[in-house]
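Pasting a structure here, questions to come.
Residue numbering begins at 1 within each chain, and the chains themselves are lettered A, B, C and D in the order written.
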Amino acid sequence: MDLTYTEEEREFRARLRAWLAKVLPELPARPSPDDWPGRRAHDTGWQRRLYDAGYAGLHWPLDAGGRGATPTQHLIFLEETERAGAPYVGANFVGLLHAGPTIAAEGTAAQRARWLPPVLRGDEVWCQGFSEPDAGSDLAALRTRAVRDGDDYVVTGSKIWTSHAEVADWCELLVRTGPAAPKHRGITWLAMPMDAPGITVRPLRTLAGSTEFAEVFLDEVRVPVANRVGDENDGWRVTMVTLSFERGTAFVGEVVACRRTLARLARAARASGRWDDPVLRRKLGRLYGEFGALWRLTQWNVSESQRSGGVPGTGGSVFKLAYSHARQELYDTAAEVLGADSLSLEEEWTADRLSSLSYTIAAGTSQIQRNIVAERILGLPKGR
Amino acid sequence: MDFQPTRDQRDLRAGVRELLAGRYGRDALRAAVDGGSAVDRELWRELGAAGFFALRLPEAEGGVGLGLPEAVLVFEEAGRALLPGPLVATHLAAGAVPGAAAGTAVVTAFDLGERGGPLVSYLAEADAVLGAAGLPPGEPVRSADPLTPLHRVTGGGPADVSAYREAGALLTAALQVGSALRTLELAVRYAGEREQFGQPIGAFQAVKHLCAGMLVRAEVARTAVYAAAVTAQAADAADGQAADGQDADGEAAEAAEAAEVAGEIAAAKLLADEAAVRNARDCLQVHGGMGFTWEADVHLHLKRAWVRAEQWVTAAEAEEALAAELSRTATGGEAR
Amino acid sequence: MDLTYTEEEREFRARLRAWLAKVLPELPARPSPDDWPGRRAHDTGWQRRLYDAGYAGLHWPLDAGGRGATPTQHLIFLEETERAGAPYVGANFVGLLHAGPTIAAEGTAAQRARWLPPVLRGDEVWCQGFSEPDAGSDLAALRTRAVRDGDDYVVTGSKIWTSHAEVADWCELLVRTGPAAPKHRGITWLAMPMDAPGITVRPLRTLAGSTEFAEVFLDEVRVPVANRVGDENDGWRVTMVTLSFERGTAFVGEVVACRRTLARLARAARASGRWDDPVLRRKLGRLYGEFGALWRLTQWNVSESQRSGGVPGTGGSVFKLAYSHARQELYDTAAEVLGADSLSLEEEWTADRLSSLSYTIAAGTSQIQRNIVAERILGLPKGR
Amino acid sequence: MDFQPTRDQRDLRAGVRELLAGRYGRDALRAAVDGGSAVDRELWRELGAAGFFALRLPEAEGGVGLGLPEAVLVFEEAGRALLPGPLVATHLAAGAVPGAAAGTAVVTAFDLGERGGPLVSYLAEADAVLGAAGLPPGEPVRSADPLTPLHRVTGGGPADVSAYREAGALLTAALQVGSALRTLELAVRYAGEREQFGQPIGAFQAVKHLCAGMLVRAEVARTAVYAAAVTAQAADAADGQAADGQDADGEAAEAAEAAEVAGEIAAAKLLADEAAVRNARDCLQVHGGMGFTWEADVHLHLKRAWVRAEQWVTAAEAEEALAAELSRTATGGEAR
């Protein structure tokens, strides 16, 4: 068990840090949250800089155009960019972390050549069309249907919780092609061009007041059969390959961000005198311990992934359960530090507190995660 | 960086597990409980021979020459097996108290409560008290844990154990993690076997989710314990390298590193105490009425976890230590 | 909404209080916990005093030999006896609160005449034979079987969690008489004499080290058919009548006891200086608020019962969930007040803490209680 | 003793529920949210005409002449309906601020945070501030709750509202209880309708147990609120009866009664705040992604519950007040 970084890793970090110090001051100001074209341009511009500097697709395999970096290097990359305040992955998220890896793993040579380079260069943006209003936790119950018509699938239905739908070029879409088959066996993965006729995007306002997500309505949208990745009705398996791709690094940036938030909270509490309240101070101390442990758990999972060369799999559920709970606690504690000022949206932590309400819901509710942990890790039986 | 255990470390852990399974299995545990014999001198010597106490003593001094990372793996196994006796104190005494390293002496310590003492465990069984000149007089006290006899010391006064506090807390946290993992296993096994309403109770979400919560707690605590051990070991090694005439920057860096280690150990103890106590409680809940019987092992884990939570560093102390470290890093230094 | 007691209720309280002040100093010392015959004698002696003073069966109907008191009078009785430190109901518990009320409600005139007066006078002690090793939460799955043989049932099986089995005269026993019927429809309620041949009582040690309970093994025990209360195979309904008899007063004494414990804890914390720790002090304050609310909830349930003249039913599950959680918190907080001394069994609160571990399990686990609340009060659907 | 509501009290509650259902149903609520209009003057006057503000004003002064027990029942309904505006402050101002009783004036108060101010709600909508000579200047602040506009007061200084603190806390607690009961209803309804994995999600134990916990919290808090209202009303009545020349014993008894009332109100506020906030959180969890949308009402309950938790008495203040009352009763007086 060793937490020191190798000479090579330290060099990687030093080079990256130097590059970030040089390039970040040159970046344009961040656009406003409602300026979607501006956000796209900002995010893809950053991706292009990463590409030019050789950091694009760091964790992608070499034969997909990536850098084939180790999980530890990827961890260092995410840690350093977050610390330096670099732009988030933003509009490139689905392309870099879901659709791209799926195509890399399951696509044909032609599909890889068509879709992967533009993602790495920041030329094309992807969004995700998985969830539906009636298929949330039970994702496999999705009902958006695709009917074969010549060289096209004709797709009708609706998707929800789609980020960046307004500005995306492509959508990784799950559709039902085998309505009579068991629900996991009738699903197909398609790459849908977002400029196809029949697509309507409607912004979805969240309780935080923002429109980070959209609903996407599909009315007889034609998607070429050539855009199918994997076999017809094999989309569930294809998707699962993507979902387990992350190698333990999924929350690196967020844990780093939480630790920085905690430090700022401590400074604020000291400045306001709230630090003198032992009840609050001890809560902050406990959170410091918890986030420290979560950082160590990240390193543990990354090391496991590095050693096995494979995917950490269900360990992600354990991490997400602990992390989402701790992060909600963090913002509740921030509210205690702020007192009545926690009611003001002008406090950054108040807005963050609102966003944090989704952490125990999005990407698998805590209830679903506990089922996964109990059944897949602990081997407890499924209920009747 | 490779935070996963090495093959040697995994082999060491497996070896200790095997030794304890053979030498202190369930029958031995229950015999000790029924017989009220907390320290088995013969087993103590066997542990000594296996290097349990001399694990971190340099080879030059007759020890095994390993470090804290190996020690926490070994203590985790002892916690899993519910091995009784002043394991941590005797381990800490190796090299300082004659016979401790070899397991021919039983050494206890004033490690209970916020400042240590006047309650002390295993006084009647001990040959020495860590950091004290002799064995103090004491009155026996009925202990909640049948395998942790207690005395209230009536003279002599507590010894100063501050030099041992961090390692003591860390190794105790490792014992807690072992217990937390063990009660999880017991709960999962029972949940898979016990049937009610026509199915194993483990098929009910309420039971499933209790077990999932236990795993999360145990995994987070375990990682914290391992990380603290690795960090403390690295700081020790750095201390060893730094020669006498180091400059002010070097001293400041060393002080920062020491503070960081203290924080990691406080977190490890806090999270491990909580994991052990809460997992034992949830294990008991999963067992239902059976968990409330003397015959089930779960109460032994709970009672021992309560004892260990009072040893070396309490939750209140750990939270305050972590707050101090947060304040330090927030206003000056930075956490790694 | 009125929390003041009527003139009549105040008089009842004053009379009771005066009587307790007179009679309690005359009582013999409490026997040791292991002295079962001594405990029986102590408990039944107290019951006899209650009988002679006109307090026996206070909440029983008049036609069962009881006093027909209102739920509020019963609440006052339980509150005052607990406050005064009077003996607990102890060995008389099953007779007064389960078997007796069952016989009163479902027994024949002859059964009532045979069994009720000795319970009220403290002449006979009952124990309960409901749970079995394999039928805990799923009580209706019990397997102890009774086979008709002439005028007897021949009973074979085993029971667990039976208090006072060593010294009881009678056992209210649930047996399976209809093995082919659905599980709730094949159960029969019998009064089993504890001196019948074939009964073996084995003490069951709890994690607190005590033997408050026993296992009862039944090997072809003959119980006269005349001892059956209610129809054959109708025992589940008969039992449910008993279980819903309590009218909101089930936890009166315990809530009063908890509030006294909390006051003693506060005094101990003040004496030791632990009170100066705001974390601990605020926990104690919160518990004071919670137990105050639980006392008010008791009064609420009793008032509801008094007004409806009926049974509070499922409200008991809500109360038990809140109460059992709060009481475990109380002892965890006591351990914080004690610090390392919480490891000493010589501290009363340490022993109480061990006993309190059963509160979320006994008489319906918290998991079962939540099912009851969700399905019977909130109307949520049963699972597949 | 009959702690259950009387028929008149039940009728009053039903009447208010009916009034609010007709006048401030879901459409009105969402229109207010979308329009950003927190105080509807016409509705305010209707509430006044219905006796909402003058409820506790003596009949001789043109009020309804009822007491705190009736007031908490009425405020519970307002909390259930998520009725916005400075309801508590205007109610408290009846008889003291012209127009408050009739609902022709909107009165707010410095009730936010541990000591009150400088944040104040509904300043732009208010005609007066409780206990203050005039309306202070203030800068608008973006509020987390869309129906509770906030200002940061920049001059004039907070008014002393200590005389109103207890009744304010109690009535606010009643609003919280109404919200907690409402989010429970919303959760149960959604859990019964939403299907996943082939059955309503309410059939899953995890969802069931969340809902059961919500009911327990709400019921305990509701009882605490009702009891505090009854106790406070009885103490008021006793105060009224006690003539001037009472003796020292009488004064001590009165002080003890006042302390007891303070404790009951602190408990009511603490438990009701927690019930409202945690029930809203659990309701959101039951709703899953739908609960995270602006369109679902649950976030409005959560945000309002956060506001109310900061009003009059915070959790920290309540816990300290309860500790003080525990200490008083433990060392001298006795709790009923």
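Note that in this section contacts are C-beta pairs under 8 Å (C-beta built on N, C-alpha and C of every residue); 3 or more make two chains touch, one makes a residue touch a chain.
Only a predicted model underlies this, so the values are computations on that prediction, with no experimental measurement involved.
Two chain pairs, A-D and A-B, are compared here, and A-B has more C-beta pairs in contact (counted per touch definition above).
Summarising the inter-chain layout, the chain whose CA centre lies farthest from the centre of subunit D is B.
Chain geometry summary: the mean Cα position of subunit A and that of subunit D are 40 Å apart. In this assembly, the C-alpha centroid of subunit C lies 38 Å from the C-alpha centroid of subunit D. In this assembly, the C-alpha centroid of subunit A lies 54 Å from the C-alpha centroid of subunit C. Looking at subunit C, residues 277-279, 282, 367, 370, 383-384 sit in touch with two or more other chains. Shown for subunit B are the residues in touch with two or more other chains, namely 204-207, 209, 316. Of all the residues in subunit A, the ones that touch subunit D in their complex are 131, 134, 136-138, 141, 160-161, 204-207, 209, 277, 279, 335, 339-346, 350, 354, 357-358, 360-362, 365-367, 370. Partner subunit C is touched in their complex by these residues of subunit B: 112-114, 119, 141-146, 148, 150, 195-197, 201, 204, 206-207, 281, 284-285, 288-296, 298-299, 302, 306-307, 310, 314, 316. Contact residues of subunit C toward subunit A in the complex are 277-279, 282, 383-384. Subunit B contributes residues 204-206, 209 to its touches with subunit D in the complex. On the subunit D side of its complex with subunit C, the touching residues are 1-6, 9, 69, 184, 188, 191-192, 198-200, 202-205, 207-209, 211-213, 215-216, 219-221, 223-224, 226-227, 229-231, 234, 263-264, 266-268, 270-271, 316, 318-327, 329-331, 335.
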